[in-house]
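Below, chain A partners chain B and then partners chain C, in two separate complexes.
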Partner chain A sequence: MSGVQMILGRIKAQAVAWILAAALLLVAIVMNLFASGVLIDIYTYFCLNLLLVLGLQMFMGNSGILNWTYVGFVGIGAYASSILSTAPAVKDMGVPNMYPALVALQLPILPALLVGGLVAALVAAIIAWPLMRLSNAVGVITLFATLIVMHVILTQWDNVTNGPRTFFGVQYYTTMWIAAGAAAAVLLMALWFKESSLGLRLRASRDDRHAAKAVGINVVAVRYFSFVTSSFIGGLGGGLWAHYITSFSPKSFYMGEAFLLITMLVIGGAGSISGATLGAAIVTIMRELLRQLEGYLNNSGVIAFDVYGLTEVAVALLMITILIWRPGGIVGGQELSWPLWRRRDNSAEGE
Partner chain B sequence: MILGEFIINTLSLGSMYALVALGLVFVYGILKLVNFAYGEYVMVGGYTLYVLGTFTPVPWLAVMIIAVLMAAATSYLTELVAFRPVRTKSLDAMLVTSFAVSVLLQNAVLLLVSPRSRAVPLPAIFSQSVAIFGVVTPMRNVLTIVTAVLLLTGLTLLMKYTVLGIAMRAAADKFTTTRLMGVPANLVISVAFIISGFLAGVVSVFWVGRSASVDPLIGFTPLLIAFIATVIGGMNSLVGAVVGGFAYGLLFNALSILLPASLISYRDAFMFAIVILFLLLKPEGLIRGNYTEERVG
Partner chain C sequence: MTHTMLTIRDLHASYGAITALHGISLDVNEGELVALLGSNGAGKSTTLKSICGVLRPVYGSVVFLDEQIANKTPESILKRGISLVPEGRDIFTSLTVAENMRLGAFVSYNRKRYQEDLEEMFGLFPILKERLHQPGGLLSGGEQQQLAIARALMSHPKLLILDEPSLGLSPALVDQIFELIVRLRERGMTILLVEQNAERALRVADRAYVLNTGVMEFSGTPEELENELDIASVYFGGGEGNKEVTL
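So, the complex of A and B:
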């Protein structure tokens, strides 16, 4: 492949991301004109999930490390921004044991969101260096254990988080426009990150750690900075999510949610941004349809008992099927490029 | 007196945890797969106890044996249906698959039985107490220790003196070379999964024996314990898993006594912080297996 072709290929890959970002906003406009409240809610939720998945993709997709802790950083961002943006009177009532200094603190929503992301990034920066030295099974178990530690702290530190109980009274801020705009911005950022020098080095360390080290890449440092960046996006996303949901508990940032985000990423293809977007879309649509079905089954009395867990069963089945069929995800490691059918020409590389 | 109680409690808890950890390592040793679905085999065993014990007149010993076999069968089935097709692909695909299998089994039970926990009727022998060396202790503690000793002896003999055992140890060492020597890969992996599920089944009997109830999330704690124990003991050796199980039992009992009441709710966080420290400082564990790279830099 010549240099000219490589540059052309890069422009094409970028074009796809720009098209996806534009499509996000376009759908938002269409929704705004024609759709009902329920659809707008679903679309907002989709955009928020997409944003979170893209943040996850930044580190997990480019480094090949299964990142369990990500959802914990989403939680940190959600709690930090909500604690800062909520009025003292509401916090006084909702979180009876909160430290007085925290109760008094209040910021406007935008700075609060930013601080949420920064707190998540800070925590990541403190704990990540040793974690990034581990690979393979030990790395997975360590990140898994870290998520459990974070969850225990979120549920037990009731001076800050209200413990396992619901934290409520967060202001509603994230409208569909903000969610779609933020998702589009993060989409472009994820692309920029992937193509940046840091992203390139990270991908090199994913494909062959030893070769990467041999050409002078400091694998631990590259992973570290990417992990912190990804956690920052996670924290921001968590804040936006919190200001959409308005009440939540530590349960929202644990195994279930981690599985959902990882499913979205893996189904579409962790290595590419178009894959992450496709995965988020498929899982969101499937979940909503199955929820409707579950609700219908429970309310109509067609069957005698209540239906729980149907959605999870279906999502897990879909995930296993896709992993067997295409272990790299539907899109695979490469970005979708235009025109689609030309991809077959260089099918020797990738995957 | 208190010391005697502490020792028996630690031994019984430790032998259960040793079995839990051993089951996980059997598969990990050969496939390098951290099987997130492992806890669900315990759950399947537990629900078999509940269904057969509540709705059928089958005698208790038979119920327990069937529960153990069900867990082993589930383990084999998941290997056949989910893990075998992705085995040759990437390690990550396999890991995510195992988590998906875990979610699938959990929610299948949620869907088919109930999200609430169910009481499991137990034979009287589980609740009786017995005095040993002047220490009064529940009979189930003694049963756990005896079972663990028998099983560990049996497995040691199997691994040391049978062709199958030697093939499995060889596969855990160098899988490719073992295949070149004519050992069928599918057979070795299937047997590893069956033994893993069998151990999970045995654990489910004693686990349910302690709480006398079963719920869809019952497998989560055994899974975590297996993680911690294998990490402490060493991921690459079967002996390490057993040592790790006992070490975890000791650590758990000691933390329960030593931690002040205000910090007891953070016990899990402490346990995992210890695990993380352990991984960072001594990633090969207490018992060093064969060399595999786990750290960069």
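So, the complex of A and C:
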């Protein structure tokens, strides 16, 4: 009987992610059939954001540690995969100071994306151990400082990244299909990770670090492996993003982006996959609408001065509002559950 | 039957300059329920910390199943079969009851055995089955205490240590917890019970130890303790008005 209950519980816990993943692909099909180029672009952008937010959720959502460095690993993945996938002639022209060995190096796009993720994971593996020993405010400040260090390296190492100048000439590869497929795959992975033994131990350490030690959990090791996994997804997502946007500079991987990703996660609810998805959707839609509004205001001359930065202000206000009224995010820590199952749960409680 | 499971000999422990244990000795035999009693600051928690590897003893030996464990890490002591239910019901409040139980089992996780263990726990704690997919923080105090004990049992301990299991519970719930302790003992579980509620603990224990300011003042059966009434009155009645013992 309870074996059946266990299995039911497991299906119930995973149903949300399967439904969301199927919905992602379904929307892609609908978009492909009916939508215009702009909508397809917005949807692709949403899928890439969702993928990045889910990668962030893996560590931040389950450990409760505000992860500022994540966007830096996205940048490492973007640069590593772009350097590998771009033709030598293009690099020769675009990045004049690049090391000759790097210029000569070229891989097909898929292996390049994979290596991008691996390089991000490797850097994470090298720097993360001391970081993972820290908790609370100290941990957050240290991770924030680490992002600044990463940014300085990206802007100054012009033999690799072209310095603060734009890195251009990356091939366009990430279509809406690839973005939606990758986001759906990462969605299932994020759920699997959350329910896995590692994810469970990580969530236990978030709840009560000392109790986690008491049941035999090595908190630093659990955090470390989760951080590396999350950084790998970030690097992979960065590569896909780079092959969608095709030209970028280090400032795409700094405070502004970090803030946007963290907002997406916090608004929806960092503890759950459904929350991360909802947050990514809300922020993407808001961003597009406000951008249109901004364009309209500035072109029509309704207001005497030009309006800039509406998105940032609105997103920040939304975050403040949510944090005041629902500190756990819109969805909260538990996954959304199907109404049918919820009813059955309640009747079981009544017994 | 009386195979010795845990043997503590001449254990000294200190926090920096302050010595908390002045050479205590204690035995727990297989299948026994041993009560460790004493007032605040007597050294009960220090003794437990020394057994579980949280505190390194200054001198003395802790032998568990013929193996010296005085300098082992908490994880490795847990793996050897000593499971502690800490004071104050340290459960994971945002994780579900099922997840809490899985964490208890994780030192030796085996899916098939896990399912069987879960069934067994539902037999002992029917309420946990109903609450299986609810966050632990939504359980009542008594249910949380049951969950904490169930989580400890999931690791298949050879020795279960309960630190003040009745603390902060209403009298009716205290009854429930003690009934549970008796049931566990009847199933052959070896238990070391630390309690301030001496009267209740002595009613269920096979043997008892009384600690006072880091020195073992008494050891023997509850009946023997009863005969040495002055010890009882000094350490349970004297000075602490709310802890009256009618032995």
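The rule we apply is simple: the second predicted complex is superposed on the first by the 333 of 351 C-alpha atoms of A that agree within 3 Å, B and C clash if a C-alpha of one lies under 4 Å from a C-alpha of the other, contacts with A are read in each partner's own complex, and residues count from 1 in each chain.
Quick note on the criterion: a contact is a pair of C-beta atoms (placed from the backbone, for glycine too) under 8 Å apart; a residue touches a chain by one contact, two chains touch by 3 or more.
Just so it is clear, the structure is predicted and the values come from calculations on it, not from any experiment.
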{"item": "Contacts of A:M319 with chain B and chain C, given as first, second, both or neither", "value": "first"}
{"item": "Contacts of A:A137 with chain B and chain C, given as first, second, both or neither", "value": "first"}
{"item": "Which superposed partner A:P108 touches (first chain B, second chain C, both, neither)", "value": "neither"}
{"item": "Which of chain B and chain C A:L200 touches, first, second, both or neither", "value": "second"}
{"item": "First (chain B), second (chain C), both or neither touched by A:P327", "value": "first"}
{"item": "Contacts of A:G271 with chain B and chain C, given as first, second, both or neither", "value": "second"}
{"item": "Touched partner set for A:V215, first chain B, second chain C, both or neither", "value": "second"}
{"item": "On chain A, the residue positions that both chain B and chain C contact, one per complex", "value": "213, 218"}
{"item": "Interfacial residue positions of chain B with respect to chain A in the complex", "value": "28, 32-34, 82, 85-86, 89-93, 95-97, 99-101, 103-104, 106-108, 110-111, 115, 224, 227-228, 231, 235, 265-266, 268-269, 272-273, 275-276, 279-280, 283, 292-297"}
{"item": "Residues of chain A that touch chain C when the two form their complex", "value": "2-3, 5-6, 9, 12, 197, 200-201, 203-204, 206-208, 210-218, 271, 333-334, 345, 348-349, 351"}
{"item": "Chain B contact footprint on chain A (complex, rising order)", "value": "64, 66, 130-142, 144-146, 148-149, 152-153, 156, 209, 213, 218-220, 259, 262-263, 266, 270, 307-310, 312-313, 315-317, 319-320, 323-324, 327"}
{"item": "Contacting residues of chain C [partner chain A, same complex]", "value": "74-75, 78-79, 84, 86, 90-95, 98-99, 102-104, 106-107, 109, 115, 118-119, 122, 129-133, 135, 151, 155"}
